[in-house]
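Presented below is the structure to which this report refers.
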Amino acid sequence: MAVTELEILKKRFMAMRKLSEKIVEPLEKEDYVVQAVEDVSPPKWHLAHTTWFFEEFILKQRIEGYEYYLKDARKLFNSYYETISRPFPRSMRGLITRPTVDEIKTYRRQVDKNMEKLLDSSAPDKELVHLMELGIQHEQQHQELLITDTKFNLSVNPSEPVYSSQFRDSPITGLPEIMNWIPFDEGVITVGTNDEYFSFDNEQPEHRHYVYSYKIADRPVSNREFIQFINDGGYETPDYWLSDGWAAVKQENWKAPLYWEKSGGKWTHFSLTGRKNINLDAPVQHVSYFEADAYARWAGARLPTEFEWENALKEDVSDGCCLEQTIGLENSQLSNLHTGYVWEWTASPYVAYPQAARPEGALGEYNMKFMNSQMVLRGGSAFTPKTHIRGTYRNFFPPEKRWQCMGIRLAANV
Amino acid sequence: MAVTELEILKKRFMAMRKLSEKIVEPLEKEDYVVQAVEDVSPPKWHLAHTTWFFEEFILKQRIEGYEYYLKDARKLFNSYYETISRPFPRSMRGLITRPTVDEIKTYRRQVDKNMEKLLDSSAPDKELVHLMELGIQHEQQHQELLITDTKFNLSVNPSEPVYSSQFRDSPITGLPEIMNWIPFDEGVITVGTNDEYFSFDNEQPEHRHYVYSYKIADRPVSNREFIQFINDGGYETPDYWLSDGWAAVKQENWKAPLYWEKSGGKWTHFSLTGRKNINLDAPVQHVSYFEADAYARWAGARLPTEFEWENALKEDVSDGCCLEQTIGLENSQLSNLHTGYVWEWTASPYVAYPQAARPEGALGEYNMKFMNSQMVLRGGSAFTPKTHIRGTYRNFFPPEKRWQCMGIRLAANV
Amino acid sequence: MAVTELEILKKRFMAMRKLSEKIVEPLEKEDYVVQAVEDVSPPKWHLAHTTWFFEEFILKQRIEGYEYYLKDARKLFNSYYETISRPFPRSMRGLITRPTVDEIKTYRRQVDKNMEKLLDSSAPDKELVHLMELGIQHEQQHQELLITDTKFNLSVNPSEPVYSSQFRDSPITGLPEIMNWIPFDEGVITVGTNDEYFSFDNEQPEHRHYVYSYKIADRPVSNREFIQFINDGGYETPDYWLSDGWAAVKQENWKAPLYWEKSGGKWTHFSLTGRKNINLDAPVQHVSYFEADAYARWAGARLPTEFEWENALKEDVSDGCCLEQTIGLENSQLSNLHTGYVWEWTASPYVAYPQAARPEGALGEYNMKFMNSQMVLRGGSAFTPKTHIRGTYRNFFPPEKRWQCMGIRLAANV
Amino acid sequence: MAVTELEILKKRFMAMRKLSEKIVEPLEKEDYVVQAVEDVSPPKWHLAHTTWFFEEFILKQRIEGYEYYLKDARKLFNSYYETISRPFPRSMRGLITRPTVDEIKTYRRQVDKNMEKLLDSSAPDKELVHLMELGIQHEQQHQELLITDTKFNLSVNPSEPVYSSQFRDSPITGLPEIMNWIPFDEGVITVGTNDEYFSFDNEQPEHRHYVYSYKIADRPVSNREFIQFINDGGYETPDYWLSDGWAAVKQENWKAPLYWEKSGGKWTHFSLTGRKNINLDAPVQHVSYFEADAYARWAGARLPTEFEWENALKEDVSDGCCLEQTIGLENSQLSNLHTGYVWEWTASPYVAYPQAARPEGALGEYNMKFMNSQMVLRGGSAFTPKTHIRGTYRNFFPPEKRWQCMGIRLAANV
């Protein structure tokens, strides 16, 4: 492992850190503080928590006598590592006004400086590279949350403030009108990864899986198609729904995807640029697993398993659209099979792969301890950072959640 | 299909119906009414609901102008078939005092008579046989719930009433002290069933699945072993637990399996025959998936997938212990690998098998609409009726539930 | 104090005990068990709790070595006497199936026998007479609750079972159509009582109170009048309501008194004899304080204070209608000012009278510890036992409760 | 009414408005946004709501074609006037980030300018003077809340930030060690006010009330005395408590007043200047009505009624300590009977005075619609603005609330 590798990593680290700050640039200080529901976190918290991660797992471990820059950082910015300290209650994150936004920005700069110094003076070693990569990937996860959480926070304000007139909710001008099926044969396929350089624990190891012949759609479901489901009584017909899904429809009074409202006979949605008309040719998003599953049943199809998905679309992902395009840092470019617009719900519950090892210690808590009652999503959205998108990447959320950029791709038996 | 088949079925039907009444024989009328938590149902409700099932899906369909014997039966005893009627709220089942227990027993007898008449006069057809079998299997599911629900109901009474001095909580005198591993090879296995005669929709179809080499325990985990986990701080160590599991430990203040209490340094449990000392050599039961999973991690092992389980133990199941043994209707008999004592949690979330078809109409709601956020259990318990036990049978419950006879069998990679 | 007094008391005791059993005569065993909301208690519990009261405060104190007839009586049937034992959680009373109804009836008979024996052998003393009277008055309170709680329990059953075709919801054929005002002068009045024989702690002592001149209605508000309030948008106009009342209207979706439903343009109500048309000339009942207060504001009047009420109507009460009339044990008889049909909400919060002493020990918890956030009701209803009605009697309930026979009488400034 | 009156009022208005801004001076922008529990409101909201009050009830009424300065002001800053618009849910006030703090400060300045212009050009009329006074008194109420709400908000942060090192929690160095009783005679007293100039609707009218002879303490209860109650098992003895109070002790795990913690054997409290040792000679504060009532019962005394309080202490109030003293704008000065340190719980529920009229329209909702389930407090605290303190002033809160500066003064029968 050459010194150059650390230099490249340092550059990537610095670029990634800047991207986080680019995301929050349009915010007012007040916007950094709030947490409209327990699912979301205040932007301030995201900025501090990702910084604390570098402090806790790299600086503290590698620098003799290192002192946390902020008193109480461990208490306030530990998300869930029970092996480190009792985390501050998640539901109360939006009540913590100090440290202030400015103090947290200073905190970020200070940790950046310490990280630079460390990387400049370190003999490169495999563990450091791995931890750096983990820290980068971790903050990239939070970059997407920064946007989706802020969008949700702003949406509860009856004035519906604009996040940024520069940001777009989606980079897409249009999906092809006709959806085509791509067929695949029965047999043993290989999924997962042993990536030597970096992949999350939950993507490992590469392993064999038996699939039956199937076909998968060459693009996600469009808003136009989803409106047909609505118009056909989709939200009023229990047959299409899982039992818990139907209960959610009744209890939450779901009648359309999150953020949608009908006014004057037209569907609109709250977006990063304020309330807008629905673009009929864009992929539907902000639907729960329950809605995705009900839509598929209504359409006479089903959702793909994550294995079918990976087998069919793994390669397409690398060309997908990404955060950098969405916020205008890169030119727009589309993949053939239209991945990268929305996270696509799969029919697969989130569990460990065969032969998977669970890492020990605090980092062992990273992904593996959430393996119940969640569903896998694949592909990446228009808010996922480019180097965070991978064909083997497994995102996961409970089946009733809707505030992420979640969409639908159909599959069917052959 | 010969007439004899219907005769045999009629006999099985009558025997099964009698068994339900045998189960509630020790109860006082008052015991039939209550519902201590939403999960459980009043015994009265079980008796009526299973009867209504025969009325709704057989008598009503096959007898011209058939009138429900009880006004409001559809309203009160429909459990969840949204396609039939808006079900009465589950949480309020324990507030319904009429029809009375006697009226419901009369209702049962009346439906039995109508069923007999129908079966005597019917030309046998495949659909009738299937519906009869479904109705029988359905009531058998509720027979197990009758016992576990009543046990729970009685347990909230500080006087801890005895269910029956005849019934036992478990038919077992002892598990072998040493647990041995049985190894299995990597490759494509076949699981599920296309059983021509009867199997639930969720067991179908027979299909291929890829497994890696593994080993599985030749018996469930014993109380003795589980107490070691407790004594070793199992309930105080977050590392062993899934995140939701750890939250349950904290919120519910779990310190041992359900019904356990320590008094005078000794563990006791509330049982069908009152509070008793823990039998150290019996299989641990009344543990949640979270506890099973945490125990496995503590033990340096894991839970088997349902495919590994079926591949290893499918044959053993047919000799397992069963309800008829437990309540003394049959002589006790043990299987080699000690299945049939407790439902064994697997590492598999409850989802549809590849190529599975979802039946249409109300019966399509039977099993398939519960396919999220639940885990599969295999094997059958000492309260499962004998003809309800199958090697391909998939039981399922949410990961935090404990009131069923739920236990643990370990597996490991090789 | 002569022996005769004890004999009379014994007779009254036995008659009162019989009346409780008369009230539950129409019930099925199942009806004795349930508790549809926390406010109500199972009939079984009322029967046991009132019996335990005699055991705890008389038999246990006066008979050397007395053993509670039922193990766990103290645990299960103590309502709220913290000084005696930690009471069993109120919200779980409807989950306790044992002791059974028959056992509790035997318990009652046994305690009755012991009480008879005690009274026969006792030298009369003041404290015994007082405790006897307290026990009688206590059970009389529960007699009214037995009816109102059972009515509520039955009402949640979609089949709306009939309590008894013999019992009436109200003994009234009609109120006079015209309501007249009775005027009273400003000055110092005397309210409360020092009754030497028996009155509750909260009615004592007799004391002076300053009132301004006022007038009070000569009868309660009728259903006909209340329907005018409904038709005039009473439930849709926030101006009429207290803030908490308006919140209740919105949250509970109140549109009429409890038990009312409109069908075919006509108002009906669930009654002890099943669903019936509203009698327009009967007093409105099953309204909360919030509704009473809103009605009064709509009517350009106000509710009387409890002092104004007592000053005006104390004498009328003794002729009022009562439980014995309602269930047909006595001939019907009406008071001049129509008290005794419904408990009448007053504008007075429930607090201690000036100079009132709070008794010590468990019986000191009787009435005085509920003196916050409740409103006083006066007069007595058609379900109040005759010897329980007093002109100085103070009933009290939280302002949002409606399941008692609660009605409205108007007052106004002069 | 001379022009001068309006000029004086304008000056008072401007000074009052400045005081609000003085109170929030020490805050960071982030502190303005949050709402730690539903009871408190974000400082930003207080500043906007009080400003909107002048806009809604004065500018909008008096200036032809007046446009609200902030779009959505009516929606966001209406607290509870149902007659004006559906108020934004109180529980969500802490989620609204826009308008920003700066925008709200601009809003305040703009409304101030408009008010000045209006006052300069108005012919003085009685209604304008009344509305001005009402607006001033209204904002003064919120000035106290600004401090107590912010204190609570900061207290949930484990870092316990300092509000201001300049502000004090209390201006007091010491209460006299010995508490003396002041006696009063039985008879008809006069309470309430007909103040021609200004008083709240709930203080009116002046009226007669009958009191029995009583005595009242010459100072509030001290921390030293309250610690004796704690040490004597006050929080563990149900006898002292009202039933709802005891339930609160158990459920909320109360062991001392709000903000108190014991560390190293010493009681400390979270204060505006950070965590401090308890000053034993200061009046106890941050106790609920339940604690005040329990303390009094323990001490063999009782709380005074609001009428006894007013009769005894009305005159003392005018010299009491006040907000201006506490934050250092005026020199410290103490009243003889030590009123003005803490709001003193009385034994009187909050209801309308005899003969009181309820004003019509939105302002009729001001005080009168909260008249149930609250208790009256008297006297004023160290955070009450000087011109807001009145001997007839009735403050009111539900009996379980503790976050205001609430304390105890004893009374007793003679």
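The chains carry the letters A, B, C and D, assigned in the order they are written, with residues numbered from 1 in each.
Here is the rule we use: a residue touches a chain if its C-beta (ideal position, glycine included) is under 8 Å from a C-beta of that chain, and two chains touch if they have at least 3 such contacts.
The structure displayed is predicted, hence computed values, not measured ones.
Asker: Can you work out the whole-Å distance between the CA centroids of subunit B and subunit D?
Answerer: For subunit B versus subunit D, the centre distance works out to 59 Å.
Asker: If you average the Cα atoms of subunit A and of subunit B to get two centres, how far apart are those centres in Å?
Answerer: Going by mean C-alpha positions, subunit A sits 38 Å from subunit B.
Asker: For subunit A and subunit D, let me know how many angstrom lie between their CA-based centres, rounded off.
Answerer: 47
Asker: I need the residues of subunit B touching at least two other chains; which ones are they?
Answerer: Within subunit B, no residue touches at least two other chains.
Asker: Could you draw the chains as nodes, link the ones that touch, and say if you get a line, ring, star, complete or other?
Answerer: Here the contact pattern is a ring, one closed loop where every chain has two partners.
Asker: Chain pairs that touch, all of them, please.
Answerer: A-B, A-D, B-C, C-D
Asker: Within the complex, which stretch of subunit C touches subunit B?
Answerer: My answer: residues 28-36, 44, 71-72, 75-76, 88, 92, 94-98, 100-101, 153-154, 156-159, 161.
Asker: Considering the complex alone, what residue numbers of subunit D touch subunit C?
Answerer: 80, 82-83, 188, 207-212, 238-239, 241-246, 289-290, 297, 347-349, 351-352, 354-355, 358, 364-365, 369-373, 375, 398-399, 413
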